[in-house]
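First chain A sits with chain B, and in the next complex the same chain sits with chain C.
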Partner chain A sequence: MPREELISPDGLRTDGRRPLEVRKITCRIGILPRADGSCHLEMGNTVVLATVYGPRELSSRQPFSGIIRCEYSMATFASTDRRRRGKKSDRTSVEIASSIKKTFESVLLTDLFPHSRVDVYIQVLQADGGERSAAINAVTIAMVNAGIPMKDLIISCSSGYMENTTVMDLNNVETLVRGPQLTLAIYAHSGKVALAHWESKAAFEIFEHLIAVAKEGCLQILDVIHSNIEKYSLRLIASRDSISRK
Partner chain B sequence: MFAVSKAEKSYLLEAIALGTRVDGRSLLEYRPISVQVGVLPSASGSSRLRLGETEVLVGVKVEVGDVAEASTENIQIHFTVECSGSANADFLGREAENWSSELQSALESAYQAANVFDEDRLKLVPGKFCWVFNVDILVLDTGGNMLDAISMATRAAFSTTLIPRVYIQENDGVFELEIDDNPNACDRLHIHRAPTFLTFALLGNNFVLDPSLQEETSARGKFSVAVDTNGDISYVYSFGLLDGVEMSKLLTIVKKTGKLLLDRLDHSIENDSSST
Partner chain C sequence: MDWQQEGMKDPPVVQSLLQQETSFVPSLAKSSQFVAPGDDILSQESVVRGHGTMVQGSRLISTVAGLVERVNKLVAVLPIRARYSAEVGDVVVGRIRDVVSRKWKVDVNARQDAVLLLSAVNLPGGVQRRRTYEDELKMREFFDQDDLISAEVQELKQDGLIMLHTRSLKYGKLENGVFIAVTPQLVKRSKKHFHHLVCGVDIILGNNGYIWIYINESTSNSQEMKELSFPEKQENAKSSLNQKLSVIRVRNAIHILNSYFLSIQPETIMYIYEETIQREIPVRNMLRSDVMYEIYKTVTNTKEV
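Moving on, here comes the complex of A and B:
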């Protein structure tokens, strides 16, 4: 049986993108009024809602600096085949939650809010590949929205190697092929790696190449996210002016 | 867990005794409702509804399922209510399980009693196969009056649900189902019998429609009715002290308001789906 080809002879991917092109990103910031920070992020058909509460009081008094708690869950209707209920704490979700928690522990200035915690909730509304990246990006924006001090923004993108081509920001079809795939998260300004997730076997050169491609993808995503945050902030400033002038 | 202080509560009650509410509504007024349909491409029907601060997302998935030999049902509807972490944390803590099963059973009974989609049109093979509708409800934000929001969103999601056409072939007692390949060969559901809930909270000696989270927390009693476009009632749920006279008074309000609400909802869904 011939395999469905992922890259057409013209060099286009299944969703019409070129290999080094990220999906369309739209984000809405601050959509849940009761949360301290929230972000609804769409990367192509992957849709993620991240909510941040805090910093708020911690019930136990042990740790001196602030702590982060993170919960990741996927909606029952997120993918095409319906998942059974009660899988909120399945292993992938727990793993993703803990990796996101660790990533953000390194970037939040937790010393500034001792004896308190920040709660992060991530809900995947639609899964079309790259949920981990989308979740990280959404949490970054939600953190900004909540006004929690951070050293830098964390931006994430995935990359993969298939049919002798390196592609960035994989969709679900490309994820299912199980070729070499990398999810990378970098500090936006210093370019340092905050998280790298890789679970396949490949030559060292390919790995190096994938890192470069994922980094390039992160920078593309950063552009979009940065301009979105800027627009949002400018709108906030504008609304403050209109109130104080009255 | 959400709490209301004593001072806040007495302010709330005094205002209601004077016929107004802290958010400026009159006693029998809903908060602004906004609804979007067809928001989830991976579901057969979906909607996102916002009622004041309450926000829910509903996805309906349609599949063919097996039924028990003797049963004659053409349709099974399963509801699951899940609270997204963001809404959960502040609001419920460990009560979440009870809370969601309460909502599930209310919806399930209301839909069963109303016999919503029982039509010959949707018959597959009686006693062998039937349609299964999985209604997955995700609560994004809890701002009071969850039941009304969920039931309206469910109704909206059903109104956009597409059922694929199926051809049935029988070979010596073995049935084969073939689904039409054409993506346009789909049928819509008739939702005129799908109920929506109207919830009143008893505060002091007054009933208020569509209680907010504050009002819900300080309420003495609660009264929920499921009503459809004809004004038929399929489910009543109440707790707290209510006498019979009050109840019949409320039911007349329900009949009038329910129709108005459903007509408006259907109208806005039509507008929304035509514009997208």
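Moving on, here comes the complex of A and C:
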């Protein structure tokens, strides 16, 4: 079977990136006025919409610290995949939702909102690889937008190994090769690992290399996300007092 | 009643319009430090940490995105947008969500529903007396589900539970007016939250970002003081069409302020109100996104992008 060349002789990838280059990130913060926090994040051609509601009333008063609920779904038009999928019954969606929930449980200060819940809804609008990373990044921004107290930002990036090269932030074509792949989420400031999701086996020699590359990708993404949050926030602060009579 | 209206159907266009406004470079925010969650807060030794901060090892870090506020040794970070966090004495507008034994659960846009005890309301008749079993049965006659009320924060429990009271003639059930929900951070705490605007409209600026707009009959034609807490169902025929239109104009003015994240105070509301009258914009056109943008540019002196 003729295999597509994933890395050209010049060392460029299928979408023209270098191996250690993340895709272009654009995010629009607070686009849904009725939600507490929302973020529309594009990482290359992967587009994710994350919505956060809460902290809000939890009907049962059992748990003393707040809880997080997370729902992940992929729009039917998001990929070329023509499988019919139920909204919530999809196994991968449930798995991603629960891993994101656990990741954020570790970073939100849930004891500051007892007897309340935070609802997170993630919708993938375009799937071009790295949906899990994009979802995590979008949720982080939406959480900040909702003003929910958290210890740190969580930033995620993927990495993979193919044709003797370690590459950063895989796209769909590179994901489909099913080589050793890693989705890593780190705490932005401490650099500790919040989530690591491995796809297929990785040889011991490339294991650390994959982690290092994914981490480097996270830091690149962090720069973009942090400056986006700052720009958005400062604009709102300035806007608040900008109204005055001449 | 028939013109009660909720802020539920805001056009999302408005917010995306705000998004496009990227060229608007903030300058005044430079005076204090901006932090995102996890960022270090620049500080000397021995500070008292306030809201929005936490200590991790030897670092003082922020837990929300906002500007660092310093008052003497107290260091706090106020989130730019967040749910309402109550303080004792706040005036709030809320919606009854549930009636349970001896108390009402009230939605006040906070992290959890506030509680209004049966013993914390003024009963009809005005006399101080014990709450009987009969009162308990008649609770739904006082405030029923989905009723809007104004109240004051009486107490904050350890776990953040908000206790309300309506033990003043100022507070009680809200009828014959318009409701709008805004970002709570846009409403500043002040001495006064019941305002009588120059245009003859009254507003209650709830600290929680819920706002009630109405025509106060007793101030417009001073009648005998009625039991404010439990007024008889008023016929809204009393207010004229013009009054209703100015109520809605005020409501739309507040909506414009909210969509562009502008501070909501009586002065700013009246500024927008007068601006739309000067431009002869009819009430029904006020929420068109191009009109809103025009007004926004005028009131903030933002130059054309």
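In this text, the second predicted complex is superposed on the first by the 235 of 246 C-alpha atoms of A that agree within 3 Å, B and C clash if a C-alpha of one lies under 4 Å from a C-alpha of the other, contacts with A are read in each partner's own complex, and residues count from 1 in each chain.
Rule of thumb we're sticking to: a contact is a pair of C-beta atoms (placed from the backbone, for glycine too) under 8 Å apart; a residue touches a chain by one contact, two chains touch by 3 or more.
Fair warning: this is a prediction, and the values are worked out from it, not measured in the lab.
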item	value
Partner chain in contact with A:T51 - chain B first, chain C second, else both or neither	first
Partner chain(s) touched by A:C27 [first = chain B, second = chain C, both, neither]	neither
Which superposed partner A:L125 touches (first chain B, second chain C, both, neither)	first
Chain B versus chain C as contact partner of A:A134, first or second or both or neither	neither
Touched partner set for A:D152, first chain B, second chain C, both or neither	second
Contacts of A:M162 with chain B and chain C, given as first, second, both or neither	neither
Contacts of A:E230 with chain B and chain C, given as first, second, both or neither	second
First (chain B), second (chain C), both or neither touched by A:I68	neither
Partner chain in contact with A:I96 - chain B first, chain C second, else both or neither	neither
Intersection of chain A interface sets (partners chain B, chain C)	32-34
Complex contact set, residues of chain B against chain A	40-43, 46, 53, 55, 57, 59, 61, 63, 80, 82, 84-86, 88-90, 134, 136, 138, 140-141, 143
Interface residues, chain A side, partner chain B - complex	32-35, 38, 45, 49, 51, 53, 71, 73, 75-80, 82, 85, 88, 119, 121-123, 125-126
Residue numbers on chain C that touch chain A, as the complex places them	8, 10, 12, 14-16, 18-19, 21-22, 24, 26-29, 34, 36-39, 52, 54, 56, 61, 63-67, 79-83, 97, 107, 111-113, 159-161, 185-186, 257, 259-263, 268, 271, 299-302
Parts of chain A lying in touch with chain C, wherever the complex brings them together	28-34, 36-37, 54-58, 64, 66, 109, 113-116, 144-153, 187-189, 226, 229-231, 233-246
